[in-house]
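Notes follow the structure.
Residue numbering begins at 1 within each chain, and the chains themselves are lettered A, B, C, D and E in the order written.
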Amino acid sequence: MLDYVWLIPFFPLVGFLINGLLGKKIKNEAVIGAIGTLAIFSSFIVSCMVLLEMIGLSPENRVFEKVVFPWIHSGNFKADMAFLVDPLSCVMIMVVTGVGSLIHLYSIGYMHGEEGFYRFFAYLNLFCMSMLLLVLGGNMLVMFIGWEGVGLCSYLLIGYYFHKKSAGDAAKKAFVMNRVGDFGFLIGLFTLYWWLGSNHNIWTINFTEIKAASHLLPYGGVVTIATLCFFVGATGKSAQIPLFTWLPDAMEGPTPVSALIHAATMVTAGVYMIGRMSFVFIKSPETMMVIAVVGAATAIFAATIGTAQNDIKRVLAYSTVSQLGFMFLAMGVGAFGAGIFHLMTHAFFKACLFLGSGSVIHAMHHALHKGHLHDDAQDMRNMGGLRKAMPITFLTFLVSTIAISGIPGFSGFFSKDEILWQAFANPYHGNLNYFLWATGAIAACFTAFYMFRLVFMTFFGECRINSKVKEHLHESPLVITIPLMVLGFLALIGGYIGMPKLMGMLPNYFEHWLDPVFELATEYGAAYAHHGEHSSHALEWGLMFGSVVIAVIGIGIAATMYTKNSTLPKRFTDAFPSLHRAVYNKWYIDELYDFAFVNPCKSFGQFLWKGFDVLVIDGVVNGVAGVVMGFSGIFRYMQSGLISNYAWSMAFGVVVMLGYYVFK
Amino acid sequence: METLFFLIISLVAIVSAILVVTCRNPINSALSLILTFFCLATYYVMLDAPFMAAVQVMVYAGAIMVLIVFTIMLLNIRVNASKSQSHKIVLGTIIGFFTLINTAVIVFKGRVAIPSGPLTGEIIKQQGHTELIGREMFTTFLLPFEITSILLLVAIIGAVILAKKKI
Amino acid sequence: MDMIIIPAVNFTPILPEIFLSVLAMVLLLINVFVPGDRKAYLGYLSFFGIVATGVLVGAGWGGHIESFSGSVVLDNFATFFKMIFLVAAGLAVLISDQYMEREQCNHGELYPLILFCVVGMMLMASGTDLMTIFLGLEVMSVSLYVLAGFNRSNKKSNEAGLKYFLLGAFSTGFLLYGMALTYGATGTTRIAKIAATVGQMTLPSTNIMLVAGMLLMLTGFAFKVAAAPFHMWTPDVYEGAPTPMTAFMSAGPKAAGFAAALRIFLVALPTLQVEWSQVFWILAVLTMTVGNITALRQDNIKRMLAYSSIAHAGYALVGFAAGNPTGTAGILFYMLSYAFMNIGAFAIIILVGKKGEANGNVQDFAGFGVKHPVLAVAMSIFLFSLAGMPPTAGFIGKFYLFSGAIQKGYIWLAIIGVLNSAASVYYYLRVMVYMYMKDSTEEFDWMQVTAPMALCVAISVAGSLIPGIVPSIILQFAQQAIKLI
Amino acid sequence: MSNLLSLTTFLPILGVLLLLFIPKDSKGTLRNVALATTVVTFIVSLPIMFGFQSNAEFQFVENIPWISAGPFVMRYFVGIDGISLWLVILTTFIMPIAVLSTYTAVEEKVKEYMILLLLLETGMLGAFISLDMFLFYIFWEVMLIPMYFMIGIWGGKNRIYAAVKFFIYTMVGSLLMLVALIYLYFKGVEAGFTNFGLLQFFNLQLPLATQVWLFLAFALAFAIKVPMFPLHTWLPDAHTEAPTAGSVILAAILLKMGTYGYVRFAIPLFPEAAHKFAPLIATLAVIGIIYAALVAMVQEDVKKLVAYSSVAHLGFVMLGVFAFNVEGITGGLLQMINHGVSTGALFLIVGFIYERRHTRLITDFGGLSKQMPIFATIFMIVTFSSIGLPGTNGFVGEFLVLIGAFESELRWWTIIASSGVILSAVYMLWMFQRVMFGELDNPKNQKLADLNAREIVIMVPLIVMIFVMGIYPKPFIDKMDPAIKKLVSQVRPLSMSAQKMSEAQPSLPSGHTGIEMPAGHPGMSPETDSHAAPVANPHEAK
Amino acid sequence: MENLNGYLIISAILFSIGTIGVLTRKNAIVIFMCVEMMLNAVNLTFVALSRHLGNLDGQVFVFFVMTVAAAEAAVGLALMIAFYNNKESIDVDDVNLMKW
């Protein structure tokens, strides 16, 4: 089956082509939806088979490379359309195809009746294909196809409601920010390629070959540069500081898109990429530190913003940013396995959350539509008390919320706790570890707070929606709720495959599975790891307990503020108006970017055009022409028409000529 | 003696030449020019070229100048035509002056070819200037001589075309 | 006292001249009997005469005969230039009748004058004696004075004639003085003997009399070819003269000036090449620049082409400055091509023009391209050729001229030349802009394309294009012509 | 068929002759004949493509005496190698598209238009196949004429200014090149050459000072044509004013003349000077990339925006070419073709909406996606191709350019140039968004018709090319590879440092990297890489 | 012949005066007369040189120059008459229709 690994991205491609080219003719939503879903589901099946086959192999043999066709061969440079299957990509394809299939299914219901239904499915399939290319790519360039491809699909899907200006803007913003990241990715790629090539004559961008040659890479130095560049790429794709602002805006897209792309899969590409090249990243302590710090900072930063948002999807978006921060934190502290683990669990519960919110929005929208109201269907201030109307949604949502908050027993707990523990106990960052841990813990607290704030505002309390339409609120159809239930279930149990050794109930399958991928990194990391303090089990237990407490505190605050004492939030915002405004406006980051980059660029462009291009360059060009023309005028008036002048000119010529030779 | 004569003639020639340029009245200019031509004819005699002198007087002073004077009369040009602008005179004179300097230097510094021809004063006297010229003209310079006929024909046609009242 | 025995002379070298002179005289006689509205027949007659002369001239290719005790020679150089004159004259004759008819000055004497003018030019090209050259030049000039003022009822034509005459006479003074000084320095007027004498001189360039003679002769020829600063007459005379005569003047006498100058400078004064190259270098730059730049702002198309003609003299002077076979062959080629393209352009101007030299502005060409596509294409070809765009003859010509300069090491001269060439494109394009890109309500319904006109345009198009595509057919002759000097 | 190249080149002239006999009112026939001519030309050019052997030799060579006078011998010497092959094919490929695009766009003076188009094709093909420098120059200049008329007659409001500017600007450069060309020839004559044939001049050893001047002259001419910053200002004007087909050809092919000129002439003829000036040219190229992108960003006219984007794209080409390594030059060449396809398509797209709305101002549009879904799709694909999205042609070229440049001494330039990748996304997407997204609020836009069959037929080949070249560029690269290697070897021996470096390092066989890697082997052991190294890099292996 | 330079200088002076005349006078006929004076100056040079060199070429040349002068006079005066008929003036400053 491994030889047919190319089928995995191929099915969605076929789906894309069918829906994209013929979708308009087909018209029948069921058929279109079925094609789209089947395409990705077939991939899922193949993925499962691949996974099984991989499991059947011994751990050290779990690397398989497949060249489908040669792509760019020029000079030293060789890039094939090659796929790499190893434990890491297996995890990813499973997540992508699995969650993807569910979301496709969900979309059939959610997108029902939308104009351009076929377009949506086509894009969705295209996205899956790109994402699969990304994770399966056997070299950086194939990965880059996927990398950009998912950006493209993100663009297309965010801009799905293209008649809305905000959607268009958001789409463009997403793409451009991603491009900034891509720029970093490319430079990183170039640096690595060039350095290995020129110093060791290993001209390659193949992951396996780089891995084989990675012992040649120095610690720090050029690797730091390259990895930092790669990391810039990761921040763009995974919405980390400073390139995170596109993700909340990306919520302009349909909700399944948010679930699939902006929560479960695409945004994790950065994490995946770092995991894929862990053996390179680990060689640069500086980069690792930067990653860890950026991850932690993003986690807390986005979490703070999340506390003040009213749009249900925006809260989730910031939550996503924040959770991605956790993953980066994990990568940065060398806990690659934990990061990927969190990636996976996050995919489950965040997809569930988004789909749940989609279900809510769907219902709200439906209700508002029936009532001919134009209230915002996504504003939590219009919701409340939905748990009765939408029990399944509520339940799954709640499970996922608990998971994300890090309550023991749910998937999020295992992964997040592992990250926090590693942040504290990793051997790489010395004293910085305390800060990392503290930041992560506080972020976790915020997470619990805003997630429960969300739950409380949406599902608990009184229904704040216009009473006229209250009776129109219904649970969503099965096609929507089935994915919710599946995902909710996964959010609940997904964590058990990666239980910490500490708990010892189950072996940490997940970490073992990924071991072959990351062992080299650990080996390299050992070169500069501090082996001094051996952390005790007690400490680990203590920290775990602490993090649970923190989460509970967050939940408690949320409960107090949004169920018990509903005036509290208002009082709070009144007490710190500027703080609230700042948080509500996302710390004015967008404005800052506008001020620092966008507007200067535009005005610089204007200046270059009107000022430089037209005035200076064309001015010179036309100026030369003007000067020549001016001379033309002068010469013309020398031609006075008077014979004496003409004769004078002739005589003058003679005199000068003779004079020169006579008096030479 | 000859030098003195030469100087006197030169003085006359130059003065009359200046008069050609300075006289307001074209008729006066023309008459001064005739005087210059006569001076030149004198030079030619001094240079053992009596035939040239004769032709000079006949063709130039006689034919051409008569033609010019005749035209002046015909056109009845007002004597006191407006004066030339002074800048024109100044600039013109400057150029003329430089021309003179240049040519003078050329004359003084230039190397004239070594006399190599067969003709000396005696031979000219012996054979007669006219005959010598004639012989040259009909042998060595036959073609140019023929060309002059065409030239004159063209001039005639031209003059007719341009000046005849009605063609 | 002996009889003067006229030596036996070989008339072969001047057969064409004789033929043309006789033809001219015959035409003069016939003219008396041809009524005013039939003067075209004289034109046809002279055209055929010119063609016949062309055959005669062509038959002399390859020969080398001196005659009239060294006053004249038949060689390839002369033959080539004679062909150029005949082309210019032939084309001019073709376009004359219609114009003269329109301007009501269709006097039969026109054709003999043109023919005499050609005789003069031929003598300039084949003369090997300063006297022959001088007289040839005068025959040409006197004819041209008349031709320029031929339309005597037209004030502009009058002025043109008078201006040309006064300035021409003035320049003759310098030319003559130059010849006198050369005579003084070398003791002869025979070009071959001058060459021999100068060749024996030690350091001829220090003999200021010789140098001055050379410079003054150069002045005279510079006037004829309209090189700055002796060019000032050109625009006025070209504008005022009857258009066919302008066409003729721009092609024929210019070539004749070059012919004579080439023979004198290359054959008689090769030892002074450093000096005259320097002068021509500067003259070329001045001429090109003044011509091109002034042309930029001209509206009257004749005047514009006059400035353009100055510029072209400048290009040719580039070849002259180079003074090597490449450059000089380039001059030969260029003069021939120039005759075609320039007269062709003037033919179109005549066609577009109205009585009284009206409709002669660039703006009047608006819409021409639509109404008369074929003629407009022809005009475009002429203009592109003038601008030196491949694949026209003008390009090859310039290529050889500039190559000559480069071969000689005058890179800057070539660069200035090409920059000029680029600037010149503007005003040539301007005509095309009006022809094709400006709309006009003008119907051009007064235009009559008579057969001779059409023939002239056709020949000119062929002459501007074919040498551009297969230049060898002309260039090899030019090369041989230059070799024999 | 030894004269296939000539046949291809002069077939359009045959078409012109045919057109001359068709009355000018039967527009349909005129168009069809022109189309048929270009299609036939394309078909005739196909055997060239398929028959082309992947080696570094010039193929389909014809070498006939042409001019021989004085010191000059010019020959009709044509032939193609891998570098020119694709440009020839690109030309024949674009031309039918260009002709087809004029079916409704040009209603007046159809005959003249078609004649000019065909003449232009001959000119362009001629320039690409010429191996005689003089012949090249002739074609190079000849191309100007039809283009000048196309802009000037069928152009927009400011067409005359644009046409004249285009003409004179280009002329200035090329005339200086002519001077250099002649000078070079005489240098060749001194070295014993007897004609203008290009290939022998590659072996001419010129002192550096001479090379510098000659290179500058050539470079100027080509830089104007490319156009490189700061000589680019004729381009936006020309593009904005030109009719659609004119813009398409201008962008797709004429601009390539400049870059082609560098590859074919300026660099191999004067390798040392080229090396010397590489930093300067790279700087200008990079400035061009960034500058043009910034300027494009604030354009109000779609066409002008695309025009500026051309400047940026060709900046990439220049950067790649001046990397002087196989990757860079391959990338540059691919980028040339890509740009031809993508930007040609963009101009066609602009033409489509211009035909419908008679405006190109971005603000006049908005929300067209709704009204014109097919158009929107095509537009989007082309936009992304222009941005250089992986999977489309634009990426392959751009990437190779960047990686090639990064490998060479132009590392820092590459980094700056790469940021052009961001900017290109900004301006293209912003434009796309403003035109296609948003509310369809302008009433005039509300009844726009989507693309008709003809327009789709025009676009489909381009779209196909966009993907084919993006996904499977191998055939393209394979055919051009030997020629590029040869070119690099012509240039490379002079940069000793690079050679020394590769000699000093033990190296990996470049033949099999990773492809044949057995499954399940996580990389090779360190020993294998350092020892198995008989052949270093292909530069030496040439 | 010792006095050659004297003749040559005289002719140079005459030539220059003629030039000045051409440049400063306005009357076309006078200008023409000045040109004639220049030609005569050259003639003097020719004759003097011819005598000095001992060959007759120069003198023959002079003969032809006279012919030329005559021909030019005929044509030139005819042109002036034609011009006068149109303009009622023979002033060269009135020859001003065409300029620039």
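The rule is simple: a residue touches a chain if its C-beta (ideal position, glycine included) is under 8 Å from a C-beta of that chain, and two chains touch if they have at least 3 such contacts.
Because the structure is a prediction, the values reported are computed rather than measured.
Averaging Cα atoms per chain gives one point for each, and the point farthest from that of subunit A is the centre of B. Put simply, the chain farthest from subunit D by mean CA position is B. In this view the innermost chain, defined by its CA centroid being closest to the centroid of all protein CA atoms, is D. The centroid of the Cα atoms in subunit A and the matching centroid in subunit B are 102 Å apart.
Subunit D and subunit E have CA centres that are 66 Å apart. Inter-chain centre distance (subunit A to subunit E, centres taken as mean C-alpha positions): 96 Å.
In terms of their C-alpha centroids, the spacing between subunit A and subunit D amounts to 36 Å.
Residue positions 636, 639, 641, 643-644, 647-648, 651-652, 654, 658, 662 of subunit A are each in touch with at least two other chains.
Of all residues in subunit C, those that touch two or more other chains are 131, 135, 138, 142, 145-146, 149, 152, 161-163, 166, 170, 177, 181, 184, 187, 208, 212, 235-236, 423, 426. Residue positions of subunit D touching 2 or more other chains: there are none. Every pair of chains in contact is given here: A-B, A-C, A-D, A-E, B-C, B-E, C-D, C-E. Those residues of subunit A that touch subunit C in the complex are listed here as 625, 628-629, 631-633, 635-636, 639, 641, 643, 645-647, 649-650, 652-654, 657-658, 661-662.
The touching residues of subunit A, when paired with subunit E in their complex, are 636-637, 639-644, 647-648, 651.
By the touch criterion given at the top, residues 66-72, 109, 112, 137-138, 141-142, 144-145, 148-149, 152-153, 159-160, 163-164, 167-168, 171-172, 175-176, 178-179, 182-183, 185-186 of subunit D touch subunit C in their complex.
Only residues 3-10, 12-27, 29-30, 32-34, 36-37, 40, 43-44, 47-57, 59-60, 62-64, 66-75, 77-82, 84, 90-91 of subunit E touch subunit B when the two sit together in their complex. Those residues of subunit D that touch subunit A in the complex are listed here as 165, 169, 230, 232-234, 236, 291, 294-299, 325-327, 330-331, 367, 369-370, 373, 380, 384, 389-391, 395-396, 399-400, 402-404, 406-407, 411, 414-415, 418-419, 421-422, 425-426, 429-430, 433, 436-440, 471-474, 477-478, 481, 484-485, 488, 501-502, 505-508, 510, 513-515, 517, 519-526, 529-530, 533, 536-539.
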